[in-house]
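Just below is one structure, and these are the notes that go with it.
Labels A, B, C and D are assigned to the chains in the order they are written; within every chain, residues are numbered from 1.
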Amino acid sequence: MVGIAVLGCGRIGRLHARNLARHPRARLTAVFDVVADAAHKTATELDVPVAPSLDSVWSDAEVTAVLIATPTDTHVPLITAAVAAGKAVFCEKPVDLDLGRARACWSDIRRKNPQVMLGFNRRFDPSFQALRARLQAGEVGALELAIITSRDPAPPPASYIRTSGGLFRDMTIHDFDMARYLAGDITHVHAFGANLVDQEIGKLNDIDTCTVSLRSRAGALVQISNSRRCAYGYDQRIEVFGSGGMLLAGNRRATAVESWSAQRTAAQDPVLDFFLERYAQAYEAELDAFVSAVETGAPVSPDFGDGLEALRLAAAADESVRTAKVIELS
Amino acid sequence: MVGIAVLGCGRIGRLHARNLARHPRARLTAVFDVVADAAHKTATELDVPVAPSLDSVWSDAEVTAVLIATPTDTHVPLITAAVAAGKAVFCEKPVDLDLGRARACWSDIRRKNPQVMLGFNRRFDPSFQALRARLQAGEVGALELAIITSRDPAPPPASYIRTSGGLFRDMTIHDFDMARYLAGDITHVHAFGANLVDQEIGKLNDIDTCTVSLRSRAGALVQISNSRRCAYGYDQRIEVFGSGGMLLAGNRRATAVESWSAQRTAAQDPVLDFFLERYAQAYEAELDAFVSAVETGAPVSPDFGDGLEALRLAAAADESVRTAKVIELS
Amino acid sequence: MVGIAVLGCGRIGRLHARNLARHPRARLTAVFDVVADAAHKTATELDVPVAPSLDSVWSDAEVTAVLIATPTDTHVPLITAAVAAGKAVFCEKPVDLDLGRARACWSDIRRKNPQVMLGFNRRFDPSFQALRARLQAGEVGALELAIITSRDPAPPPASYIRTSGGLFRDMTIHDFDMARYLAGDITHVHAFGANLVDQEIGKLNDIDTCTVSLRSRAGALVQISNSRRCAYGYDQRIEVFGSGGMLLAGNRRATAVESWSAQRTAAQDPVLDFFLERYAQAYEAELDAFVSAVETGAPVSPDFGDGLEALRLAAAADESVRTAKVIELS
Amino acid sequence: MVGIAVLGCGRIGRLHARNLARHPRARLTAVFDVVADAAHKTATELDVPVAPSLDSVWSDAEVTAVLIATPTDTHVPLITAAVAAGKAVFCEKPVDLDLGRARACWSDIRRKNPQVMLGFNRRFDPSFQALRARLQAGEVGALELAIITSRDPAPPPASYIRTSGGLFRDMTIHDFDMARYLAGDITHVHAFGANLVDQEIGKLNDIDTCTVSLRSRAGALVQISNSRRCAYGYDQRIEVFGSGGMLLAGNRRATAVESWSAQRTAAQDPVLDFFLERYAQAYEAELDAFVSAVETGAPVSPDFGDGLEALRLAAAADESVRTAKVIELS
C-alpha cells in the first residue's frame, strides 16, 4: 500500500482524496488544508486524520507521496518541500503561473530525479487515450492536422479569473498539453484572443474566447479553440488527421437515449458536464498510474517537464496575442 | 426511345409522367385520365397530348408500354387490355384488393409471357438496394432476423381508407414485398392489428397500427411494424442481422445540419416526408429499370408474381388477425 | 447499515458481493456457496467470513437480508426459508423454471408481506430508466409500439442450455419484464422460435433465435427479437413510439472514438460486452434500490409478482410456438 | 427564358451547361471553347450550337448572359468584354490570381453597375445555407467561433498546381468566402502552411496543408483547416458556435446504410466525393439564383466584390505565411 497525504481539500482535492480512499493499493494517510473546516469535512467523510501541519506530513514515514491540490501559488514551495522530504509528488496543473519560477523550482529539484507527476487528467480519458494509441499505432498515418475543441459550460466568477493567470495558463493549458501529447514538441505558436462571453473578464484584462494555431517539430499543424461558456455543456473533442484518414474523440453523455419528434430527430442528451463528471474515469486512472509509478519507482508521466512545456506554450500564446506575431520556440 | 403512355394523372401518375418526360431513353407519348381536368393539367405541364380514349392508347403503335396509376379496382382490366394490345405494363401496387381476381388476371395473361412490372418502389431506394446487395454478397452471413419499420406521417382521410383494402393491402403491402425482397419466400404469417391512431379508421373496421411476424422458407424471422401516423415524418428503416453482424438502412434528411443547445445535442432535421420526397430517387430508378427491360425484352422485376405474393401475405395477415393463429402458406 | 449475506458465489453472486462490499449503507456479513472453494475465494477477496451453513445465515441477527444468486432450482426453497427466517430477499431471475412451483411459493409466503425483490437488472440501466421516465412523463404520448432488441454475444455451452429452461425462460425473460415495465399488463402473446445459431442447441430441443409479439391491456403492441449470438457484441436496444414521436435507448461503448477511412466513415467501437460491463451501473443501482427498501420497509420493485408475470409470459411464448396460436392471458 | 451562352467546356463548364439545358427558365443558346473538340462534345450532348467566336456571343441579342468557366487568366478580359457587350455574367472563382488586376477590372466596369456573379457554389449547398439561415435567425446567438473544414480527396497534378495560384487562391478561397458568408468582414488574418501531402507540390513552392485563423470586424474568430488529400473522401464541414449553442453542417453520403460487425459498429459509407457529387444541388441552386437575378435585374450575390474580398484574404494568408505575422486588413 502506498501511503499518500492530500494537501488541499477544495473541490479537486476532495475528489482525489475520495479516489485514493477507495484505491486498492493506496492508503490515504491524512488530509491537510489551511482552511481547517475544509480539511475536517473531508477527513470526516473519509474517516482519515487531519494532518496537524505540513511538517507533520513531511516527517511522517507512512507518507510515501503527497497529492498537491492547493492554490497555484503554493505549488512550487510545496513541491520543493515534498521533494526535499523524499516524497513522490502528484501536483495539479499548472505548476505555477510564472514560467521562470517554475523553471527555477525544476532546476532546484531535478538533480534528485524526483517523481513529480502533473495532473493533466485528459491524458487519461479513455477516449483520448484510445485515440492517441490508435494514432501512435499508425491507424491514420503520421499526424498532419489536429483539432482540439475545449469549451467550459460557464465562466468562473471574477474572483477566480483574477488569480487564474489568464485563459491560456488556466484553461488552454490543458489543450497545450493535449497538443504535445498528440503532436510532440511544438515549435511555433499563434493565438487570437477575444472577450465575447463576459464583460467582467475583459475588465480584468483577460480573454474568454481564443483560437490557437501550433506547428509541431515534426511538421503537423494543430488548432485549438476555447470558450469560457458553452450552452450545451462541457464540450471536449479531439480530431486527428493523416494520410490514412481521421480519428475523432467526442463528448460523452449520461444516457444513450435519443428522441425523435416533430421538431427534430435523433436528439441526444446534453453532454456530461462538468469536468468532475466528464473526466471521472480519467481522475481515477491518473491516480492509478501515479500509484503504480510510486510502487515501482518508474518515471511518472506527465511529469514536471510536461508542466513546464505547457506553461511555455501558454506564455507564447500570450506573447502572440500581444505582438500579433508567430512566436517561435527554440 | 421507348414510347410510354401514362394512365391516371393523380399524384403518383403525375410523378411518373414527369420522370418519363425527362428520361433520356423514354418518350411520354400521352396521358389519360377519366377526370379530364387532371389529364389536361398534366398534359399541359409536360407538353404532351391527352389520349382521347383508352382504345386510342391500345391502338397507338408509338405506345410500347403503359404506366398504370389509376384507382386499384381498374388495375386488372387495364393490365388485361394492355397485355392484349401487346403493350408492356408498369402498374402501381397493389395489383388488386382481391387475391382471387388478381390470380385470375395472371392466369389469363401469363401464357403471353408479358412484361408486367409492379411499382414496389422501395426495392429501388439506394439505401435499401445497397443494404440488400451487401446482404446478398454475404456481408453479414445468411439472414436470420430482419426488422422492417414503416410509419406514415399522417393517416389518410376516411374516404381513402374506405376503398383502400385495409392496412395490410394498402400500406403493409410494401413491407411484405420488402420482406420477400430480403428474405425470399415466406411460409408463416402472424399479425396483430390495433386502432390507436384515428377512431374513424376503427369505425371503418380497419386498423392503423400493426405488428407482423414472418418466417421465411430459408428459416429467417422477419418483423414488421406499421403506424398510420408518425410525428417525426415518414419513418422508413430496415435492419438485417446474421452471423456476421448487422446492416441498417435509415431515414434521409434534407440537410446534414445538427444543433447543440442547452436542451439537447446532435439534433438532426425531421426525416424526409412523404413518399414523393423520400423515394424520389427510387421512383426514377424503377422507371429506368422498366425502360431498360422494355428495350431489351428482359424479364421485369418486381413482376406480377411479386404483386400476387405480396397480396397473399396481406390476406394471410388479415386471416391471422381474425383467427388469432399463425397462417401457414404452402 | 443493512447486513446482507450473499448466497451463491458464481459470476453474478461475486459481482453482487463486490457491489455490496463497497455500498456505503450496506454491510456484507458473509458469503455462502455449496462449492466451498467458490465461497472462500470471494470471502478472501472481500475480507468477509464464509457462512458455515445456511442455518447459520437464517439465525444470524446481523443478517437483515439475503441475496440469492444460486442455481435456479434452489431459488424457491431459499426464498421460502429466508422469508420464514424474517429476512428480506433479493433473488436473481428467474424465480423458477416452473410457473406452478413459483406460484405455490408465492402463495406460501405472501401473507407475510415479505420484501422479495427480483434481479431484473435492466430496469435499472440509466438509459432504459430515462427512456421509461420520459415515456411515463408523456414525452411521446401513450405508448403504441415498443421494439425490444436483445442479442447475446455468443451462445452458452450445451451444459448451460440443458438446465436453462429454454430461451424464453432464460434469456427472453428479461425482455418480457422490460415489456411489462414499459407497456404494463400483457394480454396476448405470439412467438416464433428458430434454431439458426448453434445446432447443439437444436439437439437439446431449444431455440436460439426468436421473435415475440405482445399486446398490452392498454392496447400497445410490443415486438421482441432475440439471438443467442451477435458478432458486434451485446446488443441491447429499446424503441418506444407514440403520437408524439419516438424515444430510442441504444447501446453503450467503452470510448467515444470514431474512425474515418477510405473504407468507411464514422465507425464506432464495438458495443459494451457482456452483461457485466453493459449493466455495471444497473447492478449497482438495483442493489441500492434494494438496500433503500430494506432500510425503510417500502415495497420492493420489481417484486416476486413481477417474477411470476415474466415467467407466465415465457410459458405462453413456449405454448405459442407449440400451438402456432396467439395465447391469451386472463 | 433567359438566354445564356457557356464559355469554357471543361469539367465545370459542362456541368453548368447541363444544368442550364434543363433549367425551366433558362435557354442554353450556345457553348464556346478555344478547344474546338471540347465545345463540340458539349454542344452535341446538349443539342445546342457551338458559338463560332466570342464576338458572335457578344453580338448575339439572344444572349442575355454568359457563364465563364474558362481558365482563370481569361476571366478578367472575358468579364470586361461581356460587361461591355451588356451581358450579365456568371464567373467561376477566382476572379483572377492577381488582386491588383482583379481590382482594376472591377474599377473599369463597376460604373455600369453590372450583374457579375461569382461561382462560390458552397453558399448554395442546402446544409450550409440552412446553417447560415439558422445562424442569422439567432438560433445560437451572435457568432463567436466558426470552424471550417475542407479537405480534397487527392492532390491535383503538378501541371494544375503550377498555374493554380497556390493553395490559398485555389482551394482555401472557397473557405475564405465561406468565412465572410458566415462572419462578415474579416479584419485579421493568420496562416500556417505546410507541405505534408505531396513533395511535388513543395517543389513548386506551394503548400498542401494549412490552418488559417481569422478575426471578423464583429469580433468572431474563425478557423479553417485544409488538406489536398483526404482518405475518406471530400470532407466539407462547418461548425458555428455562439452563446446559444452550436450548429454543425456535415458531410453527405450516397446511402443511409450503416454496418455493425465484430470490428466496428455504426460504420457509414465514405462521404460524397468529389465536388461534382457533393455540390450537385448547390450548382443547380446557384444557377437558379443567377437566372432569377437576371430576370428581375436584382443584385447578384455573391458578386464581383465578394470575389475581390476572397482574393484579398488569400493574399493576406500568403503574406502571413511569409512574414510570420498577423495581417491586418483595413
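To be clear about the criterion, a residue touches a chain if its C-beta (ideal position, glycine included) is under 8 Å from a C-beta of that chain, and two chains touch if they have at least 3 such contacts.
These numbers were taken from a predicted model, which means no experiment stands behind them.
Asks: Any idea whether C-D or A-D has more C-beta pairs in contact?
Replies: Counting C-beta pairs in contact, A-D comes out ahead.
Asks: Which chain lies the greatest distance away from chain C when centres are computed from Cα atoms alone?
Replies: Using the mean of the C-alpha atoms as each chain's centre, the farthest one from chain C is D.
Asks: Between chain A and chain D, what is the separation of their C-alpha centroids in Å?
Replies: So the centre of chain A lies 42 Å away from the centre of chain D.
Asks: Between chain C and chain D, what is the separation of their C-alpha centroids in Å?
Replies: The separation of the two C-alpha centroids amounts to 58 Å.
Asks: What are the residues of chain A that contact at least two other chains?
Replies: Residue numbers touching two or more other chains: 140, 231-232, 244-246, 251, 259-262.
Asks: Would you mind writing out the residues of chain C in touch with chain A in their complex?
Replies: So the residues of chain C in touch with chain A come to 22, 126-127, 130-131, 134, 139-140, 244-252, 254-262.
Asks: Help me check something: in the complex, which residues belonging to chain D touch chain A?
Replies: 140, 142, 144-145, 147, 149, 151, 188, 190, 192, 194, 196-197, 209-211, 213, 215, 219-223, 225, 227, 229-232, 235, 241, 243-246, 324-326, 328
Asks: Applying the document's contact rule, which stretches of chain D touch chain C when the two form their complex?
Replies: Where chain D meets chain C, its residues are 231-233, 251, 253, 259-271.
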